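Each in structure tokens, the structures are laid out below.
Look at the two complexes coming up: subunit A is in both, with subunit B in one and subunit C in the other.
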Partner chain A sequence: MAQTAEAVRGQSPPAPPPPGPPTPPRPRRRKIPTPYLLIAPALVLLVLVQLGPILQMVWNSLHSYTVRHLLPTAPAPEWNSFAHYATLLSDAEFWMILRNTVVVCALMVGVTMVLGTAVGNLLHRLPRWFSVTVSIGMMLAWATPAISASLVFRWLFLPERGLANVALDRLPDWLVGGGWLDYNWFLEPVPLFTVLILVIVWQSFPFVAVSVLAGLKSIPDELYEAARVDGAGGWRSFWSITFPMLRPLFALLLVLQIIWDLRVFTQLYILANSFQNKSVYLLSYYIYQQGFSASPANYGMGSAIAVVMTVMILAVTAYYLRIMIRQGETR
Partner chain B sequence: MRSLKTATVTTAVLLAAAACGQGGSGGGTDPSEAPESLTVWVMGTANDPLKEYFDTVEQRYQETYPDTAVEVEFISWPDAQQSINNALAGGDAPDVLEVGNDQVANWAAQGALMDITSHTEEWAAVGEMDQAAVEYGTYEGAQYGIPWFSGVRTLYYRADWLEDIGMEPPTTWDELVEVAKAIEDEKGVPGFAAPTDFTNGIASFIWSNGGEIATMEGDSWEGRLTSPETQEAIEFYAGLTTEEEVSPQSYVGENELVPLADMANGEVGMYIDGGWALTSMEEQAEDPAVLEEIGAAPIPGAEGIAPAFAGGSALTVFATTEHPDFAFELLKVMGDQEGGKGYADAAGYFPAYPEMLDDESYQSDPVTAAAAEQMRNTKFFPTTPNWNAADQDGKILPGAVLDIVRGEDPDEVLRAANEELTEVLNEPVE
Partner chain C sequence: MTATTTARASGAARAPRRRRTPPPVLARRAGAYAAGAAVLVFSVFPVYWMVATAFKPVGEIFSKDVRLFPGSLTLEHFDRVINGELIPGVNFWEFLGNSLLVTLGSVAAGALLSLLAAVAVARFRFKMRTAFIMVLMVIQMVPCEALIISIFINFRRLQDASGVQMLGNLTGILIVYTAFSLPITIMMLRGFVAAVPRELEEAAAIDGAGPWTVFWRILMPLVAPGLVAASIFAFITAWNEFIVALTFLGRSTEEYTLPLTLSYYFGRFGTEWGAIMAASTLLTLPVMAFFLFVQRRMVSGLTMGAVKG
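Moving on, here comes the complex of A and B:
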């Protein structure tokens, strides 16, 4: 190899191709389309890194597969005839977790989209310097690592010393009720999920806001002027101009948010303080608990729950792809 | 006559064991074949005394195996499970591994540990260790771990505050509540910490009331959480937060590490933790002078001293080691009287050799003296590989306490928890 390289280096530079029009390709019976050839390596790589693990996950979910199957001398995992799925379907806890996941995810996505769109509109109207300042502030929230953000929110809501409890306690009782100082936000599902949604929304609305701002900049002002002349208010012009014009953008943002929020783990792990409180599990959390934290770690069960979540994400992605393909058709 | 015979036999066995121990070390452990390095995994975080201890271990090991380096990695307790899983999955595995003494059976059942029966039989020092702890390191009749150190939890209290209000450290539940309320009244901080994610502490309350977590009936485990004694103890513990209000809401859902930080900063009057906590407190205290005022006493029970969980760790040889004989030789250096005491002293535990407890150094310091007294009154958790699944993973007992503190009906919570506990403890080990 080194010798070849040496030899090549030693040669005089190759003669430039002869001038003139390139020779026309010889007619072939059926040639392999060059574009496909060019993306083939990427496709192969994608199959290896994406499809491979997914197939492995499905395989795991159909076998009894725990830590002891990892040892070099261990027996192969045994086929268990869908036992993990049967257990899941008959497990009330699983259904509760699935329901909580859907509800919490819907709330996160809904609040993020509404707030993000509102702030995006606001940014569009603000003077430039002000808009830049607000954007920088939001970007900082967006760039904060999930673990730091969750810790800060946990501290904010701690009983006895958290800022939220101290502030609520100082407010008049007729407004918020009394006894807030030692209220524990992290025990019951509703208050804990409330804080969780706060963290997630705080971190993810900037992305929506900035995307919407970029979209708004692409809409010609004349449209709004015309609407104003026709007597449309802000609300009407949003639904008649902004929303239809940005529909593809909203669809994309919606799908991305759903996928991201289904996978929430870190924030919940910090807020719920490990795995002791089963009533606040979400699906992604349950996967990790079964697959890695359980003793012995149950890879089969973890994979089965992961398959359920993958199917949910694939369904959302399929909807997204359909939108993308339709857009392609209309262009 | 009979006792004389027993004595003779015992002596003969001990002599034989000692002889074997010396002769046995040559077999299969030729220094010229020793590996370049051996890896030890220790739980916890590194600090200077521990690093010095492992330098000594390496020096002692190199007296016999001069070409072998001893590499030490510190694994934090919460990461232990994943680290061992990864090691099993073919990652870099250790040769010698420390595991919690209540986890030996669990990891042995999962094939992570090597059966070291043939080695321990030839090692005389095992005979001098705490025999209950040696027994706790077995699984299905084979030895997988030998006790490295032991440690008990005790009640920590602010000695200066108790002096101010003219009270003695509590010795019973009633006194515990009384003293805690007095501290809250006089000093304006919570009197006691009752974190709910604290099986080791809650167990002391259960045991001191004559209750059990689970018992072996015939050949299966039976949960005892619904027995009147156990239920009363659990309700009392939960009531420290809800009824008596001596422990604040901020400890609900937490483990003992949160009150540890508060104790170090003078924000709680009493809490339960082990001797090792003092090192962490030193790191967390804003004003080190507070630490001078912290005293320790045995854990108060329903009436008198409560039994504490016989905590501690076992030394094991990891199943995938390529050098089992050399690894066991290293285990011996760490676990013999010199190595065991060295680690116990460096890390704030007690050696696994009972006769060393009478040592002047443990009796002179009031904090360790209280622990040494508590050491004589200890119990173990159910000896089954499923204990981890029930506790570390399932959080059955802490979860039940949490639910009761959250206001759910104790009868219902404990009945459900007890069913789950019985089921998990009896799950077949594949």
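Moving on, here comes the complex of A and C:
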């Protein structure tokens, strides 16, 4: 939008020639690269801390690179002709972790999107005072730092004293079964991932709900009224009006949730609480374990896993980038 | 659902529409209220449980007789967290100081760097401009979880080569936090700078104001709200950050930030849930306060061009 304003102004006759820097109108020293000076500090930092490390990650993944290569007298890491990738591809544990990552991420994203969209619609329908109250409550969940949220859920699901176990134990056995009091949620993949998904959904559905609510407010009421007169119910008008109108928003939210949920680390770190059990790893957890917890630390292997994760994210992001470019964000 | 629609449609045809609310609508409204209440409870309950546990006496936390509302309240956990030694030899204030230092430091550096870059992108047309924006957008997709090994190795090598300490103190994580918030804050600020009418600056320049005066007197006051929003965004990110601190601070416990302190506390004293919840509450309070300020901006900032959480 800003770009359009700029372009329009560039076309108006009294304005200075569009490509030139406008602030110093005096034509002296026209060639000073002011914009380059302005972006230089940010660019240096980005290259050093992000762009460079992206390339290094790829390089590391192709070399035998362990903690001993960091010693002052150590030789340079040796080229190992894709050995890390070959190992990963033939490693059943890696495939299990990759599968778990995809499945857990899909569940997190799916539940977050459905719940968030439903709550967004609900907020739109509720009277203002109640809608605002619920929104403020959701802000609390959204604002809770990942580490605090993980600790609270660990405490909620703790064997013997955790509220969830006590509550499940007190419910009638015919409903939920018995023996919940000392049930440990944090040992096996399915229960642990269940709690993990619950934490993530709890923290991320408010963002989806608030975004959908903002989107709904931009759709004219007349459309819904017309649909109602034509006999369409709530479900029908969602799929015939809301969804098509908000398709770009839903696409964006979906991509964001996938990217965020693929990299989940802190919550898993607290819930799993150790690196003993590979069956509860997710990709980012595996990267960290290889790089900093394994003995010896294997930077090459950790980087290879990081490359896999980055490729997955960039595959999703390609779609997002296309949306952004089409919306003119890069102009 | 069909019944409701017909009832509404025929109700609209008649004049006194609001008078006799047909029962299905009433039921539906009650359902919506109930669903809203459920969402409210689901959202607030874990936060309530954190705060409630923080105020419960130890005896009650240990008791298997779990109660939804605390039988009695105590400040002992907060007292222990704030006045005791969280980790042997280090107290709460030092960790709070570490967290504030690294957070405010990266916010200040980030605000300066991103404001400069945002002015360049919004006000100038230059050859690398599109490339720069594309780089920002791609870079912010790649999470620090993927880059952490490379950054760690770089810092370690730099430290060995130059003697400048990069790991085990706050310098390294301050640099990483600054860099990782830049793409978002630049994109957020770019919109604000572009929204300032250029005529204002041109008029001031004609009146004889130099570039600096134009910048400080015209641009800054109008961009300030955006700068505040972007800064709070960067503050929340740095304040909550965990994995970089975990990796780079290692065993230097006296340099820990608050999130790291919490995980250490949990690891060593797994049974002290009262103290852990009290510390979690203290960590959460500033974020919640700021969140209420920038909530709207968070939504538009995140859906506009910012991806990193």
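Things to note:
The rule we apply is simple: the second predicted complex is superposed on the first by the 272 of 331 C-alpha atoms of A that agree within 3 Å, B and C clash if a C-alpha of one lies under 4 Å from a C-alpha of the other, contacts with A are read in each partner's own complex, and residues count from 1 in each chain.
We take it that a contact is a pair of C-beta atoms (placed from the backbone, for glycine too) under 8 Å apart; a residue touches a chain by one contact, two chains touch by 3 or more.
All of these numbers come straight from a predicted model, not from anything done at the bench.
Contacts of A:70 after superposition on the shared chain: both subunit B and subunit C are touched. Within the superposed three-chain model, A:270 lies in touch with subunit C and out of touch with subunit B [touch as defined at top].
In the superposition on chain A, contact of A:188 is made with subunit B only, not with subunit C.
After overlaying the two complexes on the shared chain, residue contacts for A:321 are found with subunit C alone; subunit B is out of touch. After superposition on the shared chain, subunit A has more residues touched by C, the comparison being subunit B against subunit C. Residue contacts after overlaying the shared chain place A:129 against neither subunit B nor subunit C. Once chain A of one complex is fitted onto chain A of the other, the partner contacts of A:174 are absent, as it touches neither subunit B nor subunit C. Of the two partner chains placed by superposition, subunit B and subunit C are both touched by A:161. Across the superposed pair, subunit B and subunit C both touch subunit A at residues 70, 72, 158, 160-161, 273, 292.
Within the complex formed with subunit A, the residues of subunit C that make contact are 1-2, 4-6, 8-9, 32-33, 35-36, 39-40, 42-44, 46-47, 49-50, 53, 61-64, 66, 112-114, 116-117, 119-126, 128-130, 132-139, 141-143, 145-154, 156-157, 160, 175-176, 178-180, 182-183, 186-187, 190-191, 194-195, 198, 201-202, 205, 211, 214, 236, 239-240, 242-243, 246-247, 259, 262-263, 266-267, 273, 276-277, 280-281, 283-284, 287-288, 291-292, 295, 298-299, 302-305, 307, 309. Chain contact summary for the complex, subunit A toward subunit C: residues 2-3, 5-6, 9, 18-19, 21-25, 33-36, 38-39, 41-43, 45-46, 48-54, 56-57, 60, 70, 72, 119, 122-123, 125-126, 130-131, 133-134, 136-149, 151-156, 158, 160-161, 163, 166, 181, 202, 206-207, 210-211, 214, 228-229, 231-235, 249, 252-253, 256, 259-260, 262-263, 265-266, 269-270, 273, 284, 287-288, 291-292, 299, 302-303, 306-307, 309-310, 313-314, 317, 320-321, 324, 329-331. Of all the residues in subunit B, the ones that touch subunit A in their complex are 78, 81-82, 85, 88-90, 106, 109-112, 196-197, 248-250, 252-254, 319-320, 388-389, 392-393, 395, 398-399, 402, 405-406, 430.
Only residues 64, 66-68, 70-74, 158-161, 182-184, 186-188, 273-278, 289, 292-297 of subunit A touch subunit B when the two sit together in their complex.
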